[in-house]
Amino acid sequence: MNESNDQEISPATEPKPSPFQVCHNKIQAIRSQIKKAVIGQDNVVDLALVSLLASGHLLIEGVPGLGKTLLVKSIAKAISGDFARIQFTPDLMPSDVTGHAFFDQNDSSFKIRKGPAFTNLLLADEINRAPAKTQASLLEVMQEQQITIEGTPHIIDKPFMVLATQNPLEQEGTYALPEAELDRFLLNATIEYPDASSEEAIVKMITEGHVGDSFATEQIEAVASTKDILAMQKVATKISVDDSLYSYAVRLVQASRQWPGIRAGAGPRATIALIRCAKALVLLRGGNFVTPDDIKQIATPVLRHRISLSAELEIEGVKVTNVIHDILEQVEAPRG
Amino acid sequence: MDLSKISIKLRPRNGYAAIDLGTRMAQKNWKSMFLSAVIFTLPLFALLIFLMPNHPIWAIFVVWWLKPLWERPLLLILSQDVFHQRPTLKEIILHGFKLLFKQLIPSITWRRFSPTRSFDAPVMQLENLSGSERRERLTALHSRSPSSISGMTIMMHLIESLMAFAIMLFILQFLPTDDIEWKIFLENLVTNSGLHLYYLLFAIGWYLAMVLMAPFYVAGGFSSYLNQRSIREAWDLELVFRQLAAKHKSRSFDYKNIIVSILVCSFIFITPKTYSADEQEIDLYAEQKSRVKAQIENIQSGPDYKRTETTTELRRINPLEPNSDEDESEEADESKSSSSSSLIGKEFGRVLSWLFLIALIVFILFKIPAMIEYFQSGARSKNEKLSNKKKPEQLFGLDLKLENLPDDIVQESKILWQQSQHREALGLLYRASLSKLIHQFDCEFEDGFTELECLIIVQQNQLSLSPYFSELTQAWRLLAYGHKLPSEQTFLTLADHWSNNFVPETSESNKQRGVDE
Amino acid sequence: MLDNTSKVETPEGIELPLEVAGVVPRSMAYFIDFLIFLTIAYILALVMGFLGSFGEGLFLILYFIIFWLYPVIFEVFRNGQTPGKKAMGLKVVHQDGTPISLNASFVRNILLVADFLPFFYTAGFISMLFNKDFKRLGDLAAGTVVVYTEKENKEDPIPQLKPKAPALPLSLDEQRSILSLAERHQQLSEARQQELSALLPEQLFPAKEENQSRLKQLHAFANWLRGH
Amino acid sequence: MRQQEFENLYQAKWLAFKEQCELLEKREPLSSEIDFSANYREVCHNLALAQQRGFSPGLVASLEKLAARGHQQLYKNRQSIFGRIIRFITQGFPRLIRQNASLFWLCTAICYLPAFIVFLIIWADPDMAYSFLGTDTASNLESMYNPSHERITENRDIDSDFQMFGFYLWNNISVDLRTFAGGMVAGIGSLFILLLNAVLLGAASGHMLNMGYEDTFFTFVIAHGAPELTGMVVSAMAGLKIGWGMIAPGNYSRKDALLIRSKEGVRLLFGAVFLTALAAPIEAFWSSIGTIEPNVKYTVGAICWVLVFAYLFLAGRKGVQDGSE
């Protein structure tokens, strides 16, 4: 999924700056800041921004070491938000995620030590390496947007977004997330090796004396605030959607349930996710209405982790993406 | 000692779960129980062996028979442990010897074969009941009691005897006898013509199995008893209530005799009196049952175990005779088969064999291309097949068939526009264009194509009308999804130019290639 | 405190009790399975006997399958229950309480051979008798336990009475016991219930309502505790 | 909140959740609006509350049961078994062997070195054959592979081929499984069975060579020997894995080490069973044909060996995932 020629063809927006236009400008500014540091991963950057605008969580799959931390750091800096990273390990405890209460000797009272989950952007690295218990605590935070420590609920500051990575290569010692829980993630991005030119740029940047992430993030300016993000999230919901597109989204998701070769299709939350993400995508691209193309584009990352294939297709080595591609090709798009 | 420190979790359980709790209790106290069992039996066993060296079986038989007696100290240990009292070894021995003589005769005669022996023991030993009192109490406890208790007796006996054999055979394996074929030995044992050595080993095996298992059996009975009391008498609640009472009484509570007092105090109240008639029957029935079971038990604790024998044979085929020996059995099998099967069956079998072989080969041949395909490209191939299958013949779900469109499209759409049905008007133009593109310009649109993708196809086909179509598409998209009405002027221009682009027949349109708007 | 359940903490932070089953019900379940196995094998032998050498070959294959895979198939596809286990109300689960997987079922059933050692399952019996969760060697290696399938134990209704607060503060355990007494009022004889309530201290009962029996008052407490 | 209030508040949800569990237990799909995991979590919360507030044992027990049912459903492994098996065979197993390459070579050495030594011994001193094999087995072998034996010169009936197919399948795989189980005795059992077979193999080949029956013997053995002997080696690997877990548990407790090792071990065992099952039809239907030229048989045999090793060392090098977990 990459930028299509949507932008060139999409109609010029009205002359006076609409709230959509303002948001678009802002988000583009954020995007270009991030791209200063994160090179050659436009796809993932876009998906992360979409997920941020749609106030959802992002599940990233891909080989380790492709700058996921950098991505999260950059976003956090660009939106002047907090950032935390948790490396999930087999011995990670739920309280390492959420925090815990402890007894303070000085004034002999219980104090709360807030865990890394109290942040705006949380990078949960290799979640499938932690035992189910710790995963469950993270998933709960994601769902409830609040953390209960010693019976007292603590609300997490918004915006709150989790970027979780899964490790596909390592099977030994991983705990697969229960299928029902994968639904918690709005989008599923795959991170891939950068293409040759981007790699060149990265190498250049690093060899010109700037070693490590610090330089990369240093040059990012905070062009927005967390409040802006909340405002933009609100604006994103106001993007107009034609009725025919709702039924298109429903058709797509329903097709995923009846498609031959799919064992478990996506649930109705997928439909909601499709629309929400398409709206956010439009905002990112700079439009003020959703077109079928937006839905089509966002469908793969929205559906990929919500679909599982039947045994036959698994044996044949068919990928979920291929099947989604088929669905997109064959489910009637709204026209005329 | 503190009542709150009762060492087991009491609550009404199902019968087997109660026995399992007993197993846990026995695990906890196993060392002392095992030790006291050995202390009480080994001297007797050794003495008997010494007295009758030629009849070790009798020695072990006596020890076995006296089980109810030497199980009593074990029960003592358990009952004390329930309240975290750990009697010293000396106390056990002292108390134990006193206990041995309690109701001695019935215990080792008619009560010996009761299938609920370990369940009944606490009534006699801990509640100190005898005679009709005891019988009444037992009747009450047995009524609606689960079958698990006699089940346990049978299973534990089975395990004990299996273990006895296993231990014996295990020892036999290490003895340098030239013929250690245990089957022959078993025959010897049964026909009484074997060596005394075997009897001795058997006695030792049995003895070990007995002292090993006894704690579990006693504990299983005891905890079933406690469970039954929890169910029938809410013994678990009584403990809590007594504790509560003790907390609120000014004078200190007498903990010392707590077990006895709790155990004994309440048996009259167990069941409503109306049940008594039934219970008599139950009691009779139980007795009958016990007699039958005792017989079974008797048989089962004997040495003759045909069934287990067969299993062992099955399982022992090859760890010691590994597969290089197959040739031997091959011959054996062949000779067997020729004699055993009928001629028709054999023919039939032959046919089936061929069928099987052919099926196997066909299957492999059939699967080879699939495998190669899998290794080569894997994903795509199947996927393509799948999409080909799914590709529908009819083009769009939309109303794009030529005959369903009005004859004069431009006119029709203009009328619609004037009627303020703007969306329909532009929609008609757009749909008509698509329809023409499909039917006259041979554009291939998939079902899932959006307007933009259709446009791309048109542009790729380098049709002359693509600039016009692009304009139309944009106007349509703005209207349909952005809900932005094009100006009347725009619409009219689009409508007027429509026929220029689409109405000419295919041949003409080809000629028109290059004509720009 | 000794109990025959082992607690499993789930990812959600609650403790689920697994009521593990011990040697007696499990041996019985095995015995039933063994009889079924023998019956199947016998029938197979009868049928295959008609087919000559082919039949013998087929018999050996089928025998092989039922000998090694009979428990595996049932455990994986029938919710952890072989027919014998089902009859005894047992099932196999992972020790974390999740349903058994193919691999685990395979391990535990192949290792029946190890449990058989040296003869007649002695190793298995001893392991089961001395293990806290009654695991045999196969269970130890596969990380499985055999548990009782929970029976439908519906909550028993308590006698409806006008709620009344007890005169003393009660601990959780004591409250629970009073509720439990009320829940079990149909299983226990009236006399026994009276006797149990007589055990409780005088101070618990509000003095003025002596005309009501203690048991009645206890039931009223139970109603109060339940919050009627 | 009192118990009654609590019950009134949540009763409907518990009932609904119970119905959802029942549906899932029957392997029926849930209606799509239901958020099962959220419902489950709520039941868990309710249970925790009920436990903490000392609600009646009946209620706590029924909530516990409800939570347990949900737990079973939520954490069910929904991967399809068939797909996993195929992927394991095509990729997972060869990879596993390569991961454990040193153990594989060790077991191969344990198998073939003693065999070779025994072979040499018997070659040097033909009489030793009888002490290695025992008189019965030796004479059996002699009559089996005597070139003048009628079964060598004639083809066996197809149905007895099939009979033998069943026998090989049953017997050889059973040996594999036992070899694995032998690992429970600190690995000694596995080693013992492997060595025993190795010695028999060496002794039999040596003896046959001495008797001059080498063609009949080796033509019979060579083709199916490739998967079968390899399967045996692999099953010994599996057994040693768990045996080693008991001897040298490393940083784990013995119990945990055993658990972890047997997880790996059983995957090796699956592979071993696969190889052995592959050997059975070859042995029954191909090896038994006595009328084919020895050269052809040797060639086919050599191809079998090459194929087996090529499979173990080349298959599954590409591709992403190993589905055997």
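First chain written, first letter: the chains are A, B, C and D, and each begins at residue 1.
Simple rule for what comes next: a contact is a pair of C-beta atoms (placed from the backbone, for glycine too) under 8 Å apart; a residue touches a chain by one contact, two chains touch by 3 or more.
In this text, all values refer to a predicted model and were calculated from it rather than measured experimentally.
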When C-D and A-C are ranked by contacting C-beta pairs, first comes C-D
In whole angstrom, the CA-centroid distance of subunit C from subunit D equals 31
When centres are defined as mean Cα positions, the distance from subunit A to subunit C in whole Å is 44
For the pair subunit B and subunit D, the C-alpha centroid-to-centroid distance in angstrom is 21
For the pair subunit A and subunit D, the C-alpha centroid-to-centroid distance in angstrom is 41
In subunit C, the residues touching two or more other chains are 10, 12-13, 52-54, 56-58, 67, 113, 173, 180
Residue numbers in subunit A touching two or more further chains are 132, 140, 315, 317
Multi-partner residues in subunit B (2 or more other chains touched) are 333-334, 337, 346, 349-350, 352-353, 356, 374
Among line, ring, star, complete and other, the chain contact graph is complete
Note: in the complex, subunit A contacts subunit B through residues 4-6, 9, 11, 240-242, 244-245, 260-261, 287-293, 296, 313, 315-319, 322-323, 326-336
Counting only contacts in the complex, subunit D reaches subunit B at residues 57, 90, 137, 140-141, 144, 157-164, 167-168, 171-172, 174-175, 178, 182, 189, 193, 196-197, 200-201, 204, 281, 285
Touching subunit D in the complex, subunit C uses residues 10, 12-17, 52-54, 56-61, 63-64, 67-68, 76, 79, 93, 97-99, 101-103, 106-107, 110-114, 117, 137, 140-143, 150, 153-156, 172-173, 175-176, 179-180, 183, 225-228
In the complex, the residues of subunit B that touch subunit A are 374, 378-383, 386-387, 390-392, 396-398, 400, 427, 430-431, 434, 446-456, 470, 474, 476-478, 480-484
Subunit B contacts subunit C in the complex at 6-9, 12-14, 16-17, 19-21, 23-28, 30, 148, 151-152, 155-156, 158-159, 162-163, 165-167, 169-170, 173, 212, 216, 220, 231-234, 236-238, 240-242, 244-245, 247-249, 266, 268-272, 308, 311-312, 314-315, 333-334, 336-337, 340-342, 345-346, 348-350, 352-353, 356
